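My questions will all concern the structure given below.
Which chain is which? They are A, B and C, in the order written, and residues in each are numbered from 1.
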Amino acid sequence: MKKEQAAPVPFQSFGRLRRPGIGLISAGAKRQLVDRIVGKLLLFVALFAIVTVFFIIVFLLRDGYQIVLETGIWNFLVGQDWNPAGRDPAYGAFPLIVGTVLVTALAMAIAVPLSIGTAVFTAEIAGPRTRSVVKPAVELLAGIPSVVYGFFGLILLADWIRIAFDQPSGSSWLAGSILLAVMAIPTITSVAEDAVSSVPREFREGSLALGATHWQTIKNVVVPRALSGIGAAIILGMGRAIGETMAVLMVTGNAAVIPDPITDIFSPVRTLTGTLGIEMGEVAFGSTHYHALFGVAVILLVITLAVNGAARVIVNRMQATARPKPHRALTAAASRITHAASAPFGRLAHPRTSQRCAFLLISLSAAIVLAALGVILFEIVVNGAGAITWEFLTGSPRDLGRAGGIFPAIAGTFWLVTGALAVALPLGIATAVYLIEYTADTPLTRGIRAAVDLLNGTPSIVFGLFGFAFLVLFLNFGVSLIAGQITLGLMILPTIIRTTEESLRSIPGSLREGSYALGATKWQTIRRVVLPPALPGILTGAILSIGRAAGETAPIMFTAAVFSSRYLPSSLAEPVMALPYHLFVLTTSIPGASTQSYGTAFVLLLLVLAIYLAAILVRRRYNREKVM
Amino acid sequence: MDESTILETRDLNLWYGQNHALIDISIRIPKNRVTALIGPSGCGKSTLLRCFNRMNDLIDSSRITGEILFNGNGIHDSLADVYAIREKIGMVFQKPNPFQKSIYENVAYGPRIHGVREKKALDRIVEESLKGAALWDEAKDRLHEPALALSGGQQQRLCIARSLAVEPEVILMDEPCSALDPIATAKIEDLIIRLARNYTVVIVTHNMQQAARASDYTGFMYMGKLVEFDMTTKIFEDPGEELTENYITGRFG
Amino acid sequence: MTGKSLSGATTVAVAGILVAFLVAAGCVGGQPSDSSVSQQITVTGSTTVLPIAEKAREAFEDEYPSAGIMVSGGGSSVGIKAVGEGTADIGMTSRDLKPEEVAGYPGIVRHHVADDAILLIVHPENTVDRLTLDGARGIYNGTYTNWNQVGGSDRQIVVVGRDSASGTREFFSEYVLEKEDFTKTQEEFNSNGGIQQKVSRTPGAIGYVGLGYTEGVKALSLDIDGTAVEPTLENITGKNYPISRPLFMLTNGEPDGLARQYLDFIMSTEGQQIVASVDYIPVQG
C-alpha cells in the first residue's frame, strides 16, 4: 500500500564530506564549551551596566557627601540661599529644587495638552498623507540638539517675552518652560501616539457601530483605553525636561530665587541642571562649592530616577491590566453613548458640534507644534545658510571664531560620535543579547535591567560630571577625546541596549527553535539566525544614538571639548573641538559672532537631521521588506 | 511489532511546572516507518514529540523522569551531546519557519554550523536536500532569493529540506500541514511517504485522514497518556480501546 | 553572507573593546610626559584670558606652522588644576592662586601677561552715563532697584552678573561690593559674552564684563569724587580707572620647549600688541 516511488537521490553520498575524524562526543563537548564561554563573556559584558551605575553613584556620592557633612543634610536640602561666593557662603539647594519643579511643571502644563492633541491628531484624525508629514516632523523636533534650542531661546524667545509682556527682562521661568515644553513634546507625542494607535480596532468599530461619533469614540473608548500609555508618555517627557541642561541655562536667567509671588512666571529662576552647567567649569576643585555641586547632581539624579521609576510602575501596571476585559470599556462607553442619544431631540446636534470643536482644538495643537518646528528651522536656515561657505566648512576658526571655519569642530564631533559608538555598540548589543537570549527572569537580569533603566534616566549633565570626576580626574585622562567618547558612549548605551532588545524580541521564537532542531548551539543560533534579521532594528537604534551623541553638549563640556584647535586630534589623549560646544561658546561668550553662530547651528542641525532622516529611511525600508 | 526500534521511551513522565503533561509513556518508534501521534488538543502529543530531540530542554520549567533511548542510547545520558542528537533527529514545525535568508542559505545553514565549509560540497548538499524535499524543480532558478518569498507549502518543504541537509535518521513533524491549504498538504503527505524509505518519520497530526493515509503506525494519546499504539490499519479499523474508537469516529465530547 | 559579515562584526566589537582599554591605559601613562617634548601644547583656563591665548596662537602658528597649540576655556580653576596636575601645559587664570592651590601645586609659576579692567555696561538707550562705586554697590546688593534712584529714567534695573565660580565675579565682589552679598535676583551667566549679549538686548540691564565686551552696549564711567573717569586705555594704565586686575598664564615649573616659545611670544612686542588688539592692557612696552 506504500507508493514505492524511488527517492530521487542517494543520500548517503555526502556523509563522508563531514568533519573527518571528529567523534560525536568530542565535537559536542567543544561546541558546548564555546557556547558556555560565550555565555559567560556576555554575562560579563552585561554586568557592565550595573558596574557603570555603581561607579556613577559612587563618584557622585564620593564628592557629594562632604557637603552634607559640612552643612547638614537638612540645611542643604531646604536652605533658602544658594550663595557659594558670598562672605558667608551658603549652600541651600532649595531654590534650585523649586526652580526645577516650577520650570518642569509649567513646561508640562504647556506640553501635555499640545502633545496629546498632536498624538490624537496623527493617530486618529489625520489622513495618511498628513500623517506622513506630521509624524516625521515631530520626530525631527526630537532631533534638534538642545544647544540649538538654547541658542534659539536666547536670541528670540527671551526677547519676545520681554517685549510681548512688557517685562524688564525676558530671561525667565516662562522662557525656560516654553523651551522645555517644545523639547518634551516629541517624547510625549510619540509615546502617546503609540498608546493611542495600539488600541485595537474592535474597540473603535464597536463604538462606532453603536452610533457614536468619531469624537465620542475617541473620548470615551480610545483615550481611556490608552490612558496608562499616555501617563507613561507624560512622565517620560517630564524626565527629559528635568534632566535638560543647556537650553535651560541659556534662558532662565539663573537667579537662585524662588519667584515671589510663587506664580510670577516672569521671574528668573535657576534649575539644578543650570547650576551644574554654569558653575561646574570654574569651581575650585575640592572646595566646599565643588562638593555642593556634586550634592546638587545627586539631588538631580534622585529626582529623575524617581520620575523614571514612576514611569516604569505605570507602564507595568498598564501591561498587567491592559490585556483582559475589552468588554467592560465597551459596555461603559455604550452606556454613555446611549445615554447621550436618549437625551431630548434638541440636543442631538450636540455631538456633532462638539466633535467639530474638539477636532478644531486637536488640529490646532498639531498646528502649533508644527509651527514651533517651522519657526526654529526658518530662523536658523535663513540666518545660517548665508554663513555657509567652502571656507566655513573646511577652514579652522580665526579671530575667536568670528572668522574662519568650523572644520575642526565637524571633525571633532565625528570622532566623538565614532568613539562613543565603538564603546556603546559592542557593550549594548552584547548586553541586550544576554538579557533576551540567555537568561530568564532572574534577580541578576532584573538588576541589569534596573541598571539600564537608571542609566536611561540619568541626565546628560550627570554623565558629564561623572566623566569629569572619574575619567578626567580620577583616571587622569585629562580633558581628552577618549574621556568624551566614553562619557558619550555611556550616555547612549541604554538607548542601544533598549533598541537592540526590542529588535531581538521581534524575532519570532520559531526561528530559534528551527535552528536548535538542526543541532545548532545557542551561540550559533544567535549569531546566524537571530542577529541578522534583527540588524536593521539595531541599526536604527545606533543611528538615533548617533544623533543624540552628536548634539549633546553637557557630557562633553567638562570632559573633551576645547574652544579651538587648528589641527585634528592626533591621539585619543588630546581634546577636540565639537560642534555643539562651539555653538555654545560662540553664542554665550563671543560677541560679534552671530553669523558664525547661525552657521554653526545650521551645520549642526543639518548633520543631526540628516542622521535622523537616515534612521527614518532605514526603518521605512525595513518595514517595507517585512511586509513583503 | 517485530520491526527494529529506533526511538524508545520507558515510563516517561514530564512536568511543566506543576502541570503533569506526560504520564508513564512507553513507546517504541519503528525504524524507517511513518509513525503518527493523534489525539485531542492538549493531550501531550506535541510534548512527546519534543522529548525525542530534547527541545523541551529549552523550556525552563520542564522536568523529566524515565528514559528516552535513541538507537539504544539514553539521550539524557551525561555523555550525550544534545546538539548531535538534534542533528540526528530533525524537526519540522507547525508553522513554516524559514530563516530570513535565501533559499540556498536556509538549506546550507545546518551543514555550515556542523562544519562543512567547502562551496562545492554545500552546493551538492543543497541540491540533494531540495530534491529530497521535492522542491528542487520549483526553487532551482531562484536559490538566492529570500526564502520568505516562497508560498506557505513551499516554505514547509524548504524546512523539510533544511532538516534533510544535516542527514538526520529521524524527522519529527509537529502538525506540519496545519497551516497549509489542501493542495500543499497533499504534496507534503506524498513527501512523507517517500521519506520513509530512508528516514524514520514521527508526525503529530490533528487530521485523522492524514494519519490514516500517510502513516504505518499510529499512537493515540489522551490526557497525557498513550492510550493505544499499533499498526495504523489496526487502529483505524479495529481499535482496541473504546476511547480510541470514540475519538476516531468523532464521538468525542 | 550575512552570517559571515556578522561574525566579522563581533570580532571587531571584541577587538574594539580591547583596543579602547589598551589605548585608555596608554593615555594614563604616556600623556603627561610626552607633551613636554612634542610640538603640541594645550592651553586651558579662564575665559577672560582666552582671547589673548587664542589670538596669540593664531599669530604664533602663522610663524611656526609645525606648532600645534590647543586653547580651551573652562575657567580659572580649571586652568590652575590642569596645569598643576599636568593635564595641560599652560593654564590661564584671571585671579590669583588661592592659598590651598599654592599649597597643592607648589611648582606653579605665574606669568603676568596682561591687565584687565572690569567695566560696568548698560543698554545703549540707558540715560545713565556714570555711576559712583557706591551706586554700583547699591545696585548689586539690591538697595537700588530702579534706574531713577541712580539718576536715570523710571525703569526697573535688571541686575546681570557672572556665576559664583567666576574669577571676574570674585574680583568684582571684592572690589565693588566689598564682599557684601549680591542681590538674589541677579541673573547669572557663565561668560562675559553672555552678559554682554543679555545687556545689549535688555533696556533695563546692567552687567560687569572684561574690557573686550563692549559691542552693542554702553560702558559706564566711574564717578570718582565728582569726576567721571572713562574706562579708556590711558585711564586704566594710569590707574585712574580703579577696577583693574592682572591676568596670568601658569606653567608647572619654568616653561621649556614650545610652551616657553609661546609665552615668550606673548611677552614680545608683537605679542603685547595682540594683547592690546583684544582690548586688554599690555604689561610691557
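The definition used in the following text is that a contact is a pair of C-beta atoms (placed from the backbone, for glycine too) under 8 Å apart; a residue touches a chain by one contact, two chains touch by 3 or more.
Chain identities (UniProt): B = Phosphate ABC transporter ATP-binding protein; C = Phosphate-binding protein.
Just so it is clear, the model here is predicted, and its values are computed rather than measured.
**Q** Determine, using the mean of C-alpha atoms as each chain's centre, which chain is farthest from subunit B.
**A** The chain farthest from subunit B, judged by C-alpha centres, is C.
**Q** Counting C-beta pairs in contact, does A-C beat A-B or the other way around?
**A** A-C
**Q** Cα centroid separation between subunit B and subunit C, in whole Å?
**A** The mean C-alpha positions of subunit B and subunit C differ by 78 Å.
**Q** Go ahead and note the Å separation of the Cα centroids belonging to subunit A and subunit C.
**A** Centres of subunit A and subunit C (C-alpha means) sit 34 Å apart.
**Q** Based only on mean CA positions, could you tell me how far subunit A sits from subunit B in angstrom?
**A** 47
**Q** In subunit A, what residues contact two or more other chains?
**A** Only 528, 532 qualify.
**Q** Return the residues of subunit B touching two or more other chains; collapse runs of consecutive numbers into ranges.
**A** 101, 112
**Q** In subunit C, what residues contact two or more other chains?
**A** 2-3
**Q** Which residues of subunit A touch subunit B once you look at their complex with the stated criterion?
**A** Interface residues on subunit A, with respect to subunit B: 2-3, 5-9, 11, 13-15, 17-19, 22, 24-25, 27-29, 31-32, 440, 508, 510-511, 513-521, 524, 528-529, 532-533, 628.
**Q** Which of the residues in subunit A end up touching subunit C in this complex?
**A** Subunit A reaches subunit C through residues 81, 83-87, 154, 158-159, 162, 168-171, 249, 253-257, 267-268, 270, 277-287, 289, 398-400, 422-423, 425-427, 429-430, 472-473, 475-480, 482, 486, 527-528, 531-532, 535, 558, 561-567, 570-575, 585, 587-592.
**Q** Touching residues of subunit C toward subunit A in the complex: what are they?
**A** Result: residues 2-3, 6-7, 10, 13-14, 16-17, 20, 23-24, 27-28, 30-31, 40, 42, 44, 47, 50-51, 54-55, 57-58, 61, 68-78, 80-82, 85, 87-88, 98, 100-101, 155-158, 163-167, 169-170, 173, 179-182, 184-194, 196-198, 201-205, 212-213, 215-216 of subunit C touch subunit A.
**Q** Please output the residues of subunit B touching subunit A within their complex, sorted ascending.
**A** Within the complex, subunit B touches subunit A at residues 53, 55, 58, 60, 79, 81-88, 90-91, 93, 95, 97-101, 109-116, 118, 121, 124-125, 128, 131-132, 148-149, 159, 162-164, 166-167, 172, 190, 193-198.
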